[in-house]
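Shared between the two complexes below is subunit A, which pairs with subunit B and subunit C, respectively.
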Partner chain A sequence: MSATAAVRTRAVAGAPTRRRIWSYWRFYLALSPFYVLFAVFGLYPMLSTIVLAFQRWDGLSARKFTGLDNFAFLVRDPTFWQALENTVVLFLMSTVPTLVIALLLAVMLQSAVRFTSVYRIAYFIPNVTSLVAMAIFFSSIFSTNFGLVNAALRSLGIPQQDWLGQPWGIKIAISTMIVWQWVGYNTLIYLAGLQAIPKEQYEAAKVDGAGPVRTLFSITLPQLRPVVLFTVIMSTIGGLQTFTEPQVMVGNSGGTGQSGMTVVLFFYRAAFLDNDYGYAAAIALSIFLLVLLFTAINWRVFRGRGEDR
Partner chain B sequence: MALTRRTLLGGFAAVAGGALVGCSSGMDTGTTKKNAATELTMWCWPGGLGKSVLDDTVAHFPDPKIKYSEVGGDFKQKLVTTFNGGTSIPDITGLKGEDIASLLPQAERFVDLKTVGADSVLGDYLDWKVKQATTLDGKVIGLPIDVGPTALYYREDVFAAAGLPSDPAKVAEQLKTWDDFFAAGVQLKKANPKAPMVWDATDLYDMVVGQGTERYISKDNKFVGDQDHIRKAWDTSVKAMTLQIDGRTPSGKPDWNAGLDLGTIPAHIGAAWVALDIKSAVKKSAGKWRLAPTPGGPANFGGSFLAITKNAADPQKAFDVIKYMLSPDNEAKAFADAQIFPATPAAYDKPQLKAADSFFGGQVPIDIFGPAAKAIPVAYQSPFDDAVAAPFHDELKTVQTGAKTSDAAWSAAVSKAKAIAKRQGVQ
Partner chain C sequence: MTRIRWRGLALHAVLVLALLVFLFPFVWTIIMATNTTADIYRFPPKFSFGGHFFDNVRHVLDNVAFFQSMANTAVVAISTTLLVLFFDSLAAFTFAKFRFPGRNALFVILLATMLLPAQLAAVPQFQTMALLGWVGSLKALIIPGAANAFGIFWMRQYFRSSIHDELVEAATLDGCGFFGTYWHVALPSARPALAFLGIFTFVGSWNDYMWPLIVLTNPDHVTLQVALSTLNRAHGVDYSMVMTGALLAMIPLVIVFALFARQFIKGATEGAVRG
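Our next item is the complex of A and B:
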């Protein structure tokens, strides 16, 4: 490939010119499928959402520019604030247990001897099952008169609860499902992280007389920090976009007291039930800002001050 | 062809240009293409048309050949997207009853059926149903496929065990109003504490609203959701809660399915198509169900239309097809096929509808649904009706769980609904 060799020497020697950039066209071509697809299915919808947020549109008629009207309504809409609160509460109620359980499972799996692959597969199965099917399944588990949870409570002599008819019951049911679905996925990621920690460190700790708890907090967790950051950010993005679970379990209204109404469900309702696409676009932008904000918070908390990894 | 930078960039430009043209043409309804005359395309959702009627219609119109597509998922959304795309718009499309109000402002995308001779057949259909598809200036955009008149479904054995009348004629006589229905519910609860008469009071609310001649927004685009007719529906629903005959079991959920069979949901008020849901939910209680008129008068839930789009190559031919397909004879056949309840009263006398149903202990369902379908009140439904109704449902649920008093929830619902209505341009 003499042409590329020539290109390389020229690139090192020459100043950045138009000619030089175009001479890389083969490489751009190789990269282009992603960018073309991204432009069509990612960038264009994103830009049109931003434009739409400043318009009123019922899906069919001509669009009307309304300036900041949608946002002005959004900040005064009690349902939006309720949805925002629900989303954050659900995020905390599901992400914290998910990551703690996943970490414990991963540490246990790391030390387990037999059938490790069986466990890995078993843990991953919830992540690949159909979400809608599982939401229907969970809503029967939590149903009042004939649900499994209430049957268990009754057998323990505890009065049965109206899980999907009470604000807190709805939140518990939804977050249980999210935990169930994501524990296995995070466990596998933690497991991969654990296996990258050098064995010598553990051996040295053993020699120094550190117990399992001390080892966990002084070696395992600090070494896992980048992996934890990754899982927290992924869970944040996923958790703030919770939609299918409440939609299937308690319906488009968000259930009793709208306590299962997440921001994405609110967005869905505005766009596809109320045909208020401009307003829905404004809600979508607010979700984007929310994810950005939470990711930034996570980044600062888990990355540590000034530490670089 | 050798791949050079020039041809490649040219290709990209062509694709991008084509995409832009494609997008922009959809923005403007005037420039969408007419369909080709060689084929008549028709869209409907699964189960929307009877199979034998469909096969017969396709055979009956060989030229141009009817190409039927069954479109699953969110039907309205797919239709709207296709309209915006501007190509592949069907000549004939189904429109669901719950979507028709929001499509009436888009009447210019559909053929006014009166311009292709609908006047000769409109009289065959239930008047209130045709009105649902009629714009305020008198254009008719859809011919009714079916309607959803309500009735009271109840368990004959549970009623009898509680000392209530169990024979349909006697139930009809004694349970005329909501107060009668609730009184029977109190009696039922005394005899059988596990059987609340009302399956879910917030579901019941919609039934009562549907019995009225006004909804949330009036014809002259004014918000009337804070007025007596809505408050009456609200109070009726709250009364079921305070009498503690509310089962809090929304229909379609696992508890509802199980309760129907176990007798812990002894009654349900629903449209004619709910019969299919009940039949598929229960195993043991077949033959124990009966039908009676809805307390307080019938309401309508669901029921759809066939419409012809402006893109149709030959609107006249398309109209011939839907006129044939939705004739009283064929509507009776569709009922036999898939319980699609006819919108043509003439069909109610056909043998397919006169048949007794062993699920209902040999009762003839049309004896209840037929008169109900003819007596449904006409209420104007605004395109924003559903959006405005949502806060009332949400707030009623807070009363149901005891989180708010009825009055507090009512004023919250009214103020939220007013804000939504105002945003949509309602006065």
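Our next item is the complex of A and C:
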């Protein structure tokens, strides 16, 4: 591009002619990798997923159009409802403790003066380790005969539990791992949010005679709302797609009573173990709708009404 | 004075307790990896490091193609990271500093793609890979992830606030072309942002599990995560060996994280507070 062209293109206003559009080719070229990859590996497959959801196909024989059959079967499939319930229960069992603990730790970390960067780095480490390795670790400590959790219980005189053989035990094991992995990440996000709150507001509250509890509810939490919204949305999107933890800890079956069966594990089984591609496509669409629904709910609850930012 | 001191001590006691909880799984993994399974199975369990680490490593190597899968994972993670850094920062710079027809529409499309769950594309994507002949090949892991919306969005935020328009104009007047300006002005100024995006991408790629499980059909040609899950499924009773594999699989991540931890944490939190 010539020396003045880039400057000139910035000044061009109004409807561009064909020749002018051509003069922007460098910009379009710079953007093209993402859009080309998205078209080939994102948009096209997603559109074919929509078509596939109305078909019956095992990957080998010809595709057969079956209308809404897949969806009709889906809403009557008890495993689907079980998977949906498990996913939501696991999401609540892991997200609520994660965010509450993270908020408490962040408040404490903010008032700590020394070693804060040591804490930050150590707290973040669980988030950057191998998911599969840690899922194996957690299934080992929850193991019935030789697990550390039962060893601890026995030394306290409490009878051992069959953690990974019981529906509730499976859920506890999975959510424990998720909490361990995400508390530190969310703590750092909250800490950054806390540090962005202007100090004057706290001083003003002190002058007005507000105690620590009052300050927490009238200043800290309202100011932190956008950051909380961010963490809730991230946890929702992640939580609704839980796959590795249950798959490694209890296997493709979802474990006893299928209580570790999440919607994504259900999808994985339908598609890549049962080769029931049309049905899997219908499940994938339901996951997408679920993500949209939960994001919308979060948005409403945490943004509140009358705010448009 | 003393009251404040006690409060400070109590505060640090809680923070240190949390730190121990967060780090405990790594310590226990090392303990398991250096002992025999029989030691681990004892009651009460052995809480000290043992001398069996190299035996355990040998067992891992006997049971899975560990180095092969680690090499596969490294190839995938490194090439994905380099491609993402290049393509995302180039696109982000274009979005942040230039005007051209369709810019806003393209950007809205970019944002919308972030809401789409990966499962929505997985089945046809597998068919596409079969059509291209990429099933079983590392290309199937590298190419689809070579550019992503999150990275472009994130880098754009950075470029918008860190590079002045005048700097871009001055570079252009000095005879730098569009690409030259990107290379000589934008990239050097974006080092912290690139460091964060690079580690984020590397870790994500290193840990990716479901898609490699689906698309790498040859058991001898898998990534580390898949090899590890295979090891666990086949030899789950031999904890020491499996945990040794787990430990080895984490070491590269820990090294990468240790090298860039400060920058990474700064970046990770900045995005959330700004966005």
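As a convention for this text, the second predicted complex is superposed on the first by the 277 of 309 C-alpha atoms of A that agree within 3 Å, B and C clash if a C-alpha of one lies under 4 Å from a C-alpha of the other, contacts with A are read in each partner's own complex, and residues count from 1 in each chain.
Rule of thumb we're sticking to: a contact is a pair of C-beta atoms (placed from the backbone, for glycine too) under 8 Å apart; a residue touches a chain by one contact, two chains touch by 3 or more.
Predicted model only: the values in this text are computed from it and were never measured.
Undergrad: Sticking to the clash and touch definitions up top, decide whether subunit B and subunit C on subunit A clash or fit.
TA: Pair status: clash.
Undergrad: For A:162 in the superposed arrangement: first (subunit B), second (subunit C), both or neither?
TA: In the superposition, A:162 contacts subunit B only.
Undergrad: Once the shared chain is lined up, is A:272 touching subunit B (first), subunit C (second), both, or neither of them?
TA: It touches subunit B and subunit C both.
Undergrad: Quick check on the superposed pair: does A:243 touch subunit B, subunit C, both, or neither? Answer first, second, both or neither.
TA: second
Undergrad: Figure out whether A:256 sits in contact with subunit B (first) or subunit C (second), or with both, or with neither.
TA: The answer is first: A:256 touches subunit B but not subunit C.
Undergrad: Between subunit B and subunit C, whom does A:22 touch in the aligned arrangement: first, second, both, or neither?
TA: first
Undergrad: Under the stated touch criterion, which partner chain does A:193 make contact with: subunit B (first), subunit C (second), both, or neither?
TA: A:193: touches subunit C, not subunit B.
Undergrad: Quick check on the superposed pair: does A:61 touch subunit B, subunit C, both, or neither? Answer first, second, both or neither.
TA: first
Undergrad: Taking the superposition on A as described, I'd like to know which of subunit B and subunit C A:178 touches: first, second, both or neither.
TA: neither
Undergrad: By residue count, is subunit A touched more by subunit B or by subunit C?
TA: Answer, by number of touched residues of subunit A: C.
Undergrad: Is A:84 contacted by the first partner subunit B, the second partner subunit C, both or neither?
TA: neither
Undergrad: Out of 9-17, 81-89 or 369-377, where does subunit B run into subunit C after the fit?
TA: Stretch 81-89 of subunit B has C-alpha atoms clashing with subunit C.
Undergrad: Can you list the residues of subunit A that meet both subunit B and subunit C?
TA: After superposing on chain A, subunit A residues 40, 139-140, 145-146, 251, 272 contact both subunit B and subunit C.
Undergrad: Residue numbers of subunit B touching subunit A in their complex, please.
TA: 5, 8, 12, 19, 27, 74, 77, 80, 83-84, 102-103, 105-106, 109, 248-250, 253-255, 258-259, 264, 383-384, 386-387, 390-391, 393-394, 397-398, 400-401, 403, 416, 419, 423-424
Undergrad: What residues of subunit A sit close enough to touch subunit B in their complex?
TA: Its residues touching subunit B are 22, 25, 29, 36, 40, 58-63, 73, 76-79, 139-140, 143-147, 162, 164-167, 251, 253-258, 269, 272-276, 279.
Undergrad: Quick check on the complex: what are the subunit A residues that touch subunit C?
TA: 1, 3-4, 6-7, 9-10, 12, 16, 20-21, 24, 26-28, 30-31, 33-35, 37-38, 40-42, 44-46, 48-49, 52, 105, 108-109, 111-115, 117, 119-126, 128-134, 136-141, 145-146, 148, 151, 154-155, 180, 183-185, 188-189, 191-193, 196, 227, 230-231, 237, 240-241, 243-244, 247-248, 251, 264, 267-268, 271-272, 277, 280-281, 283-285, 287-288, 291-292, 295
Undergrad: Enumerate the contact residues on subunit C facing subunit A in the complex.
TA: Spelled out, the residues of subunit C in touch with subunit A are 8, 11-12, 14-15, 18-19, 21-23, 25-26, 28-29, 32, 40-41, 43-45, 87-88, 90-91, 93-95, 98-101, 106, 109-110, 113, 115-128, 143-144, 146-149, 152, 168-169, 172-175, 177-179, 181-182, 199, 203, 206-207, 209-210, 214, 224-225, 228-229, 232-233, 239, 242-243, 245-247, 249-250, 253-254, 257, 261-262, 264-265, 268-270, 272-273, 275.
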